[in-house]
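Below is one structure. I have some questions about it.
Should a chain be cited, it is by its letter among A, B, C, D, E and F, assigned in written order, with residues numbered from 1 in that chain.
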Amino acid sequence: MAREPEFVFEYLKQVESLAQDVLSDRRDIIELNKKRDKTREAARALKKLDDKSEPVWLCCGNLFINFDQQKANYLLEKDQNSYDEQINKLHSGLKKKVNKLYEAENKPELKGYDLIPISKEEKQSLFELVGKN
Amino acid sequence: MSTAVLHPNVDLELKKAFEDLQVKMLTNRNQMKVIGAQVDQLKRQIQHAKLTESELNQLEKSVPMYEGIGRMFVLSDKDKVMKNLDTKAKNYETKIQSLEKSKEYLEKSLKDSEQSLRELISVKQGKK
Amino acid sequence: MSLEGEKTGNSLGIPKAIFLEDVDKFMADGGKTAEEVLRKLEELFQKYRVMEVNLLQKKEKLKVQIPDIKMSLDMIQLLKRNKENEKTVETDFILAHNLYARAEVPPSDKVGLWLGANVMLEYTLEQADDLLTKNLKQANQSMEQTDSDLDFLKDQITTTEVNMARVYNWDVKRRQTLKATA
Amino acid sequence: MSAEPQQEGIYLNKLSLQQLEQIKNQLTQEINVLQESMHRLKMVQQSFVTSDQSLDQMKNVEDNKQLLVPLTGSLYVPGKLISNNKVLVDIGTGYYVQKPVDDAKKYFEKKIQYLAKQMDQIQPILQQKAIMREEVMEVFTQKYQMQLQVQKAAAGAQ
Amino acid sequence: MSTAASGSKKSKEKEQQEIVATFQKLREEQKAIAGKSAELQVEQKSHELVIETLKEVEKERKCFRMIGGVLVERTVGEVLPALEQNRDQITKLVENLQSQIIAKGKEINDFREKHNIRFQGETEGEQKSSNGAESSNKSKSSGVLVEKSA
Amino acid sequence: MEAIQKKFEEELSKFQKSQSDLNKHISQRQILESQLTENKFVKEELDLLKKEDAIYKLVGPVLLKQDLVEASQTVEKRIDYIQNEIKRHENLIKETESKQDSLKESLNKIQQQMQQAKLKTMQK
């Protein structure tokens, strides 16, 4: 009995941190997807321009730099590829993480411990007492 | 605030005048506080300009200098920089002067209101 | 038995919060009152919170710094190419909030890097590249370290919270039995 | 100050300590929110003031003047100004307009004024809420003292 | 309830309020000094970093120094001593502020003992504030140098 | 008794859900309002432009030149859209509020029933 609370507690912390990790990766993917879409939209807009000789301004952080369209297209493509790469990398990593989390959440040997709700209640009652949340 | 002059059963005219004065005092005092802060800020900026001048004065005339405009730095020279610092300080001075004037005005108008309230009170008391 | 462990396992010397396995035994040891222990735990908890705030600030700073270094590195690459091709670049740069001015940047080997403390040092493109690359690496490492410190800290905070709850409940139970036997 | 909203004073007197505390907390929260938005508005306004001032200074700079161009927050390169008395202004929602310096100045001055108006609208509300909170606190202490005395008297009577 | 009694009660209550207000003012003052000190410490650190960098560089290299919004073009050899002087000044200021914090802490503790002020619950707050220097790392990120994560 | 309890809990959770819906709609309306102001500002600015001023639109990372008519139309369309969205959200807010009122009422009723039931058992 002596080891059990600590064991369960460590396990809970582990699940929590895994879940956090998965969540933040998902957020990153969404962000990157948005950026990729925007870049794609920009590339399409460039293709529609009538005058191919007119240079365009590309946003680079704090500034806009004048590029000829060919160069601009090249840079946009490069950006898109880099976004794709990052997204793919995150995706494959995420799959593993989700599996690990799923596994951890369903650890059969942990069934039957009713310590989880108790510790939550404890926490709650204490928060009410200390007035924190 | 001299609440002592007020009887529990003052007439409404006096009460109204008194309340108006209180509101005026509050807004005037706030405005004066803002002006005071602005003046302090300007004084600090003058101080800053003077300090910069004295630091730069120690340098040779030939040392290249760039003036900061927004985020960029524009090539200039010592004479021009010094002249600009001077005009800046002078501008701050004139701003301070005009602020002091509006402060004086606020003080005066507050005094006038106080005076007229006092007169009103004495008239009322005279009646009794 | 102590509430704080050794200051290891992280860069800041954050003391580890020790999980109270056996509250009965812990409380019996040395005859502490629940109030005392709770106060100590609360102190520890606050200490962690202060550290957490500091780390979060550090992280925010890095979050600004890292993209800036990355962008600077991109710019260095562009300047290098322009120098090779003898190309002048035209740019609308940010002059102030919502305001851009246009400038021409001729090919050049020299740039200024803002070091801090009101000092900007001139670098050749190659030198700037080296310094920025080094700094980016360092900043990334620092970010990783900060993240792991924050993780560690979060763990300690949770442990402390649970410890507080356990001691508190232990005390409630104790009072109840006291009442029942009285 | 308590002379002003008489009715409110009566209304406050009828409330319990707990209710008063609740009102106080709510007012504090509202004041904090307002103060924060004031602060934000002031910051934005200040940044527009800087833009406006930068334009003033820029008017005195000839074209082709040598300068150090900020490429990022920490990287500067030597370059030349070719603004030609025109600047690019970010007018929001992804639109940028290139216009003469004087027109740009007008734009920023309008923004500054708009923000000043916004702040002028918030300021009196903030003041009013602060006064109200003071009143609530005053009534609270009065009531609290009274309750203490009643309790004491009751204890003495026993 | 006699008016006389409530009157004396009121003055006592007022006195109490004033004591608390003074106490809080003292703590605010200490906090302000601590904030200033923390700010300067950040400045001190950035000076150290820059000095370290400049020391490893040729003395003739072009180096700009900003003085009151004006960027002055100089050399490393010229900027370095000025910077070191500046750092020494900051160090002195920080030392001065630190002793001020300690003095304030003593003043606060004396005041507390004199008026027998007690905190609700923890003694922790008093501990922390009398030692003062909670670093409020103001993020000032215009530099390119990165602190080592040590 | 148990049935009433269950009914109470059901209604309560419905109430809580409508409360969170309401908050969601309100915050969404706020976002829309600020978007509306920003777009109106842009429209105002576009209306002030002179012929020689150049307009650009940021598409992804590219700044593309646009003509005034096109830009004005786009912004106008956006304003229309946002205004309609605001109306939609206002209606939703009203709906949710009235739904909440009726839920409140039924909760009150159930509570009364519960109390009465309790009294009866106590009297027994």
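Here is the rule we use: a residue touches a chain if its C-beta (ideal position, glycine included) is under 8 Å from a C-beta of that chain, and two chains touch if they have at least 3 such contacts.
Predicted model, so just to flag it, every value in this text is computed and none were measured.
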Set of chains whose contacts include both subunit E and subunit C: B, D
Chains contacting each of subunit B and subunit F, listed by label: D
Most remote chain, CA-based centroid, reference being subunit C: B
Centre-most chain [mean C-alpha coordinates]: D
Contact-richer chain pair [A-D vs C-D]: C-D
Identity of the chain that, by mean CA position, is farthest from subunit A: B
Distance between the centres, which are taken as Cα means, of subunit F and subunit E, whole angstrom: 46
Centroid distance [mean C-alpha coordinates] between subunit F and subunit C, Å: 37
Averaged-CA centre spacing for the pair subunit F and subunit A, given as whole angstrom: 27
Residues of subunit A engaged with two or more neighbouring chains: 57, 60-64
Residues of subunit B touching at least two other chains: 66-67, 69-73
Contacts with two or more other chains, residues of subunit D listed in rising order: 50-51, 54, 58, 67-76, 81, 88, 91, 96
Interchain contacts (touch definition) - all pairs: A-C, A-D, A-F, B-C, B-D, B-E, C-D, C-E, D-E, D-F
Residue numbers on subunit C that touch subunit B, as the complex places them: 93-96, 99, 101, 103
Subunit F partner contacts - residues on subunit D that touch it in the complex: 88, 91-99, 103, 107
Residue ranges of subunit B touching subunit D (in the complex, touch as defined): 3, 15, 18-19, 22, 26, 30, 66-67, 69-75
In the complex with subunit D, residue positions of subunit E that touch it: 1, 6, 9, 13, 71, 141-144
Residues of subunit B defined as touching subunit C within the complex: 69-72
